[in-house]
Every structure is written in C-alpha cells, then in structure tokens.
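Report on the structure given below.
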Amino acid sequence: MKERTKRLSLAPLLISNTKTNYRPMKPTTLKTPLVLVNLKCYTESIGNGAHRIARAAREVSDESGITIALAPLYMDIHPIIHHYDIPVFAQHVDPVEPGAHTGRMPLPAIKSAGAIGSLVNHSEYRLSVADIEKNVTALRQAQMLSCVCSNNVATTKALAALGPDYVAIEPPELIGGKISVSEANPEIITGSVDAVRNINSSVKVLTGAGIHSGTCVKTAVELGTEGVLLASSVVKAEDPAAILRDLVSLL
Amino acid sequence: MKERTKRLSLAPLLISNTKTNYRPMKPTTLKTPLVLVNLKCYTESIGNGAHRIARAAREVSDESGITIALAPLYMDIHPIIHHYDIPVFAQHVDPVEPGAHTGRMPLPAIKSAGAIGSLVNHSEYRLSVADIEKNVTALRQAQMLSCVCSNNVATTKALAALGPDYVAIEPPELIGGKISVSEANPEIITGSVDAVRNINSSVKVLTGAGIHSGTCVKTAVELGTEGVLLASSVVKAEDPAAILRDLVSLL
Amino acid sequence: MKERTKRLSLAPLLISNTKTNYRPMKPTTLKTPLVLVNLKCYTESIGNGAHRIARAAREVSDESGITIALAPLYMDIHPIIHHYDIPVFAQHVDPVEPGAHTGRMPLPAIKSAGAIGSLVNHSEYRLSVADIEKNVTALRQAQMLSCVCSNNVATTKALAALGPDYVAIEPPELIGGKISVSEANPEIITGSVDAVRNINSSVKVLTGAGIHSGTCVKTAVELGTEGVLLASSVVKAEDPAAILRDLVSLL
Amino acid sequence: MKERTKRLSLAPLLISNTKTNYRPMKPTTLKTPLVLVNLKCYTESIGNGAHRIARAAREVSDESGITIALAPLYMDIHPIIHHYDIPVFAQHVDPVEPGAHTGRMPLPAIKSAGAIGSLVNHSEYRLSVADIEKNVTALRQAQMLSCVCSNNVATTKALAALGPDYVAIEPPELIGGKISVSEANPEIITGSVDAVRNINSSVKVLTGAGIHSGTCVKTAVELGTEGVLLASSVVKAEDPAAILRDLVSLL
C-alpha cells in the first residue's frame, strides 16, 4: 500500500459511489481500514487549521493508500472536499426536516456541502435513541454513511441493532487521553465486535478514544475492528502529517 | 374500596421479592399480564386525584386478580404504596449518583419512597442511550424493574439489547389518542415482539399508546405482548374504576 | 431573638399567608433574614436524612427565631411541612401546565404538596429566560415565592428584571466549597445588591455558594443581602443542628 | 447580481469596523434601520438557495441604501460574505471555548468565517441566562454584534440588562405567521422599547415575528424600534428581491 506518489482522487477511496442510482444501490462505502479524524472545534482545527490537517491527511493518504477521512466544522466540509478531495463526515446532524429550526443542521445541508456521512451521538453530543434511529435511517436513505458513537459493550449492541454503517466505541473516560482503549480495555473492543456480529454483522466497528500511535491502530485492527476514530492526537499535533504517518505505519 | 372483603397485600402480585438477598437473586417480578397506568401530571392525577385512581386500581385488582401498577408523581409514590399496597413505578429516574444535583431524582430516592421500578425514556422524557443503559443497569442492581419506552420496531430492538425488564412500544403519533396501536398498526407490535425475541428473549414487551378498552388489551396480549402501558384513558376518566374494569374484562 | 423555647408554628415565620384571598393580596412572605437550605439529593438528604435535617431546622428555628426554610426532594415536601411545620421550597418546578408531561413537575403538584415556593434556575438545573419568566409569573399568580439563582452581577441584574421574590447569587466555582462568596468575592454581592436596587427594589437578594459559618452569614447580611442559600455544609454535617446553630449565631 | 452598476463594499453599511484596534474601539455597528433576515434551514435556504437570497439582499440593499443583513447556515457564512459583501450573522453560537466539543460552534469559528455577529437565544434555540450572558460578553469582547431574541416585555427587559447590541422581540405565537407583531400586539413593542430605555438605553430593539410587508416595517420603526428580524416571508418567497423591495419601500 506504500510508495504511491500520485494524487488520488476521492473515487478510489470509495468502493462504490452511487449518486446516480438512488434507491436500489448500496450507499457510498469507504475502504477498510479507515482512519477517521474528528476535528472537533479546537483552536487548531478552526479556519486555516482545518486546511493544515486536510493537507496532511491528503498527503499521508496518497503515500499509504489508507483511507483517511475527516469530520471538520460545518463551514469546512465544502472547502475540504473541494480542495483536498478527502472523504468528509459532519460531526453531527440534527434529526429534523428542513424548516424553521434556527441554528440547527438538517441532513440536506451537510449533503449539499459535500459530506458523505455524519458522526451521530458522539459522547460530546448525545442524542435520544429515537433521534439516533431517525438520523441513521435518514443517512441511509440519502446514501450517506452513519458512524454512531457508543460508550460500552451494552450500548454498542443497542446501537448496532439500528443498523448504522459504523459503530465507534469511545469509553468516555479515555477520550482525549494518552491511553488507548485497545491498551486499557481490549475486552470492550472484542466484546463489542462479538456483540455486533450477533446483532447485525453488516455493521462495522471502529475503535475510538486514546488512539495515538501506529501500535494502537494495529491492535485495533487485530482485535477485529475496521479502523479507528480519533481526534486530539492528530488535531493538536505540531506536525499532523508525521502523526498520521505513524498511525498508518503498521497497517 | 369500601366493601372489599379481603385486602390483598402487595406480595401476591409480586412473584418474588428478594430484598433480603441482594446479589444473586432475581429482582422483583410482576405477574403477567400487567396493566401499567402512567399518571403523568394531569390535573386529575395531582394530589387527591392520585388517591382516587389508586383506590380504583386497588379495587379492580382485587376483583380481577390482574396486576395493575401505577406510575404517579414522585410525591405520591410513598402514599400510594402505603395506603393502597399497589406496585408503583416512578415516571422517570435521573441517571446520576446521589449528590449535588438540585431538582434531580436519583435511584435511591425513588427506591427509598417504595417504588419497585421506573419508566425510562418515555417519549415525553427522552434520554440518551448511555443514560438509558445507566438506568437499566442501576435498576437491575437495585433489584428494581425497568420499563423502557420505544417508538418503533428499530428502537424496540435497540432498547431490548440493553436487557431491561420491559420495553413498552408507544408510537408517538398515537399517544393520548383514541386509536390504539394494536388497531392502528399491529405490525409494529408483532414486529417488535419478534425482534425482541431474537435479541433478548427475557425482555417482556408492553403495548402502549391509545389503549382504551378491554378489546385493545385483549388484542395486545394476543399479539404476544405481556400487558399494556396506558395513561389518559384511565387518568382522565370520570370513573377510573369502570375504565379499569373494562380494560381487564377480556383477560 | 435567642432563648425561645416554645415550638413555633409555621404561622409566625410567615408575615402574611393569604390563601383565602386569591388575587389582590400580597403572596406569602418570609421573615428576614432567611436561611434557605437546599437539600439537593445527597445520600444524607434522601429518605430519613431529610427528616434528620428538618428536625434540626425546627429546633434551631425555635431556639433562635430565625426563619430556616428547606428545599427537599419532591417526596419530602409534604412530610416536612406536615411533621416539622417548616417553610418548604421545591428545588425546581417545570414551566408546564398540568397535562401529558411524564416525569415533569408542574406548579400545582408542588403547591398541593404544601410547598410555599420554589427554587428556579439553580446552576444545577438551568432554564431558558422564557421558562424562568413563566415560572416566576406562575409562582406569583399562585401566591408562592420564587427564588431565582444567578451566577454573576450581570445575570443577577437580568433576573431581577423578572421581578422574582428572591435572587440568590451563587458563583458556580464556589458551590459546594469551603470558601464563601462573601469572603472570595464580596464585590459580586455588593454589585448585585446595587444592581437589583436599580432594577427592581422589591427583589430580595440572598448570598449563596460556600456559606459554612456564622461569620459568612453575618457578612452576607452586612453586605446588604437578606439571607443565605446553602446546601452541603448543613446536609453533609454530622450534626446539622450544630451547624445551623453556628450559622444563625451572629444574627 | 449581474448588471449592478456599482457594487457596494461592506464598508458603507458599517459605521465603524475596528478589526485593527482590538480593545478600546467600539465594536462594529450597523446603520439603522436594519433588516435582518434569518435564513433558518428551510429547503429554500440550503445550498444554492442561500445564494439566491443573498443576491436579492445585495441588489435591494444597493438600490435602497438600507442595511440588509443575513443569518445563514454556518457553511454559508463565508460564501455570502465573500461573494455578496453582505453583513452576516450566525444563527447561533455555542457558549464554549474552542476545544473538545464535537458538533458545537464556538465564537472563533464563526468569526473566522467572517460573521460580524450572532443571533443568541432564538425561540428555536433557547439558552440559559448564564449562557446568554457568556455569549453577549464574548461577542462584545470579539467586537462582534449580539442580537438576543426575547418573547415578551418581561424577558426583553431581562435580556436588555445583559447589554447586548440588539434585542429582537418575537412572540412565539406569531413566528412564521402572516400577522406581524406590530399589528397583533403593538403594546408588546412599545412596552419593550420603554422597558429597554429604562434598563439600558444603548440596547437597540428589533421587531420580529410575522413581518411581511413594507407597512409592517414602517410600523415597527414608528413604534420606536430600529429595524426588523424576519425569516419565512423572504426565504420562502418565489421572488425574494420583490419581497425585500417591498419591505424597505416605506422607510
């Protein structure tokens, strides 16, 4: 997967892009393993910061062939798609139809900006089960990807039952830290992978929380998950490309 | 309640009450079928109104042998248990430990008042999945019953995966109306019953929303659920005992 | 004010109680200075704990003649009124009319239980301005007392403009601690007192956060406020009566 | 936007723009009267729709010299500023510092996108008083404009006490309708204008809710307010320029 020098367009990272045939086709799919970077709203990810990280993601993705997707602030969805040709998720989407909802973000707005999916129910933006189900269903109907965040084996199981594309397991106590969930609590990962297989085997599992090195990512994949969801270790890095390069180095 | 010849104690309505042996025992269980009346906070269920409904529930329960449980306002939990010896659920419990949480209601407070369980995630008080899971787990550990409310087949499935004692299906569009879910949409009930069986067969399903007659209750049981969750048709009735008598008449 | 031995009924603590004449009369008023103890939902204030604190409040109130009011959990409003004849506030009231609001607490429910008022907008249960205004207006119309919590001079000013009976200033960083606001930041108190005087001089100011001794209470009164709102130092005390006795000792 | 003879830059609409001197200068100010259009998230205001409305606003602003500002979705803040040189408000800003807040929108993000201010506490996105105060203060420190929404005279008074640049009065029952507040309830406007004058005369009042014609706008100004906040009548119009032209026609 290494040694590639040419700039990949978004197309090769997507197994199928089915914008033309709405209903019967499978929605957009991303190649496995997936490195999904949640930019949150750190000083380092606002404005030019987002471009800096997108540039790094483009570069390391080109070098390694590994899919690196970003979840930036709403205003950076379109610029990042447009300038860096990177798969972009929204960080959140509101479970409302377009209408009189001041300050909210309905699905057609993130789709129109170019997002191919959305995080749903991040531990920093919890939703009710009814709203998660609305979002997962609406994203599927719009042929977009849903990545629903869970916090333990039980909630992973519950959320897998809703049939999202991804469940990302992020034990809240590890988020933002330097201990990865795959080190601190591998059972939560293997338990979740097993539970998801029993409930709905088409749901992919991502390992989240505390991911900061190539070893974490390798372990995450070895434990049976199809990639990682991470944030601060990339966003707050002095050299995001160096960190991303390390993260994908053992895949 | 006047001429009752023998006053039932709470005990016969409970299959096992295991307050003495904390850990390994099964929690309190209610006899099937169950008629669970959510008093909400109608004018008719505040203060003396709650006593009026409790009296009716006691009377019809005595006559019929059917378990009728109530979910009153917090201040009526203890009086209803104490005066009418009726199984009482809280309408909500906050997923917090006792502490500095002004205006919140932690589990030990409803347990200390005598509740044997709690509604969780009612459509009028939605919680995040993480909080539902906390509540279900905490209620189980306290040997109390959890009755988690869902709104469609998909969310029923998700919530059953958390292993509560009951899932009550209440399509929001039918709540408070005169069309019962068993008439309007029996597929949501049978679909939920099937889904729950596949996910966790120890979870019991209740039919909610629009239940107003003995026929509704009979259909609910015939569709495979173990009782009903209802509110306005009893609470707002001129004669709650007459309505309750009708509700249990075909069981 | 000391040396009184006889048990006071609630009446002498209330300057006017106007249940009989609804409209034109002034609502219930409490004698100044006021010591208002928020029981929150600590292990020490659930169930029997609430009675223990109520007994202490009754005792110290009788000895000193100082009004000590309590804000217990909902289920303890009526028992405390009934057994200890103490002025009781709810910790929160929901800005809804009685109706289909599972798990919520409308004003008539706390009034029916015997509360003479309610805390509103505690820092642990923030409300929107529209909802605070609804609550303040509804409490006034029901001739009950509103005690709205603020967190700095600016919000004190804003909340005083709504015309509640009390504004209690509780800088969030001091809540639950051992440094009282009157020591840490007397300017916030004097600034608030001045601001309130300019906006609506009929609003009384209480000093909250970190109050733990007679000196704190004395300072609070000297800075121009009409009492204190406190919680943990009484609730978590081994001997609540001893603490309460110290709190009122320099008045 | 094609044949406009002279393209106005943003500068003439702003009385002072003080990006260069941070502290002592007055923040950005808009010329009075102000027509502020909240695009909400209607189908008509997502993606190209936002450009269509921005073009109309640019055109009518050029023709009439009246300041027309827009509050679009987050992703349209920068494109609208950039392509149409129109003063842009965010519809909401989260009262958080930049950091680990997935899906939230801190002030520096909207500022970096080019917004000159933000709506705060719209009736469709209510905030606590503490959070409104944080937002108003943070916007002032960033030399941006705050437009806080209120729903009646009492809340207008409370919110004016926080010293925002604008308070926009929108009785919830009139939002989205065809009856303007200035017709339905002129007393709420005159009462608010008086109340604001007494509390903080530097706060400007906008008339909101139901504004749909030049007469509404004229009345709003005659009642003492400095402009209007409106949404659906422009956003859902077949020809937004025609509606805007009518709205400013009697000024």
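Lettered A, B, C and D in written order, each chain numbered from 1.
As a convention for this text, a residue touches a chain if its C-beta (ideal position, glycine included) is under 8 Å from a C-beta of that chain, and two chains touch if they have at least 3 such contacts.
Here the structure is a predicted model, which is why all the values come from computation and not from measurement.
Counted as hops between touching chains, the shortest connection from chain B to chain D is 2.
Each chain gets a centre from the mean of its Cα atoms; the one farthest from the centre of chain A is C.
Centre to centre, using the average C-alpha position, chain B and chain C are separated by 35 Å. Note on chain placement: the centre of chain A and the centre of chain C lie 48 Å apart, centres being C-alpha means. Between the Cα centres of chain C and chain D there is a gap of 39 Å. Multi-chain contact residues, meaning those touching two or more other chains, occur in chain A at positions 123. Contacts from chain D toward chain A in the complex involve residues 38, 40-43, 46-47, 71, 73-75, 77-78, 90-92, 96, 98-106, 108-109, 112-113, 119, 122-125, 175-176, 231-232. Those residues of chain A whose C-beta lies close enough to touch chain B in the complex are 121, 123, 126-133, 137, 150-152, 154-155, 157-163, 172, 199.
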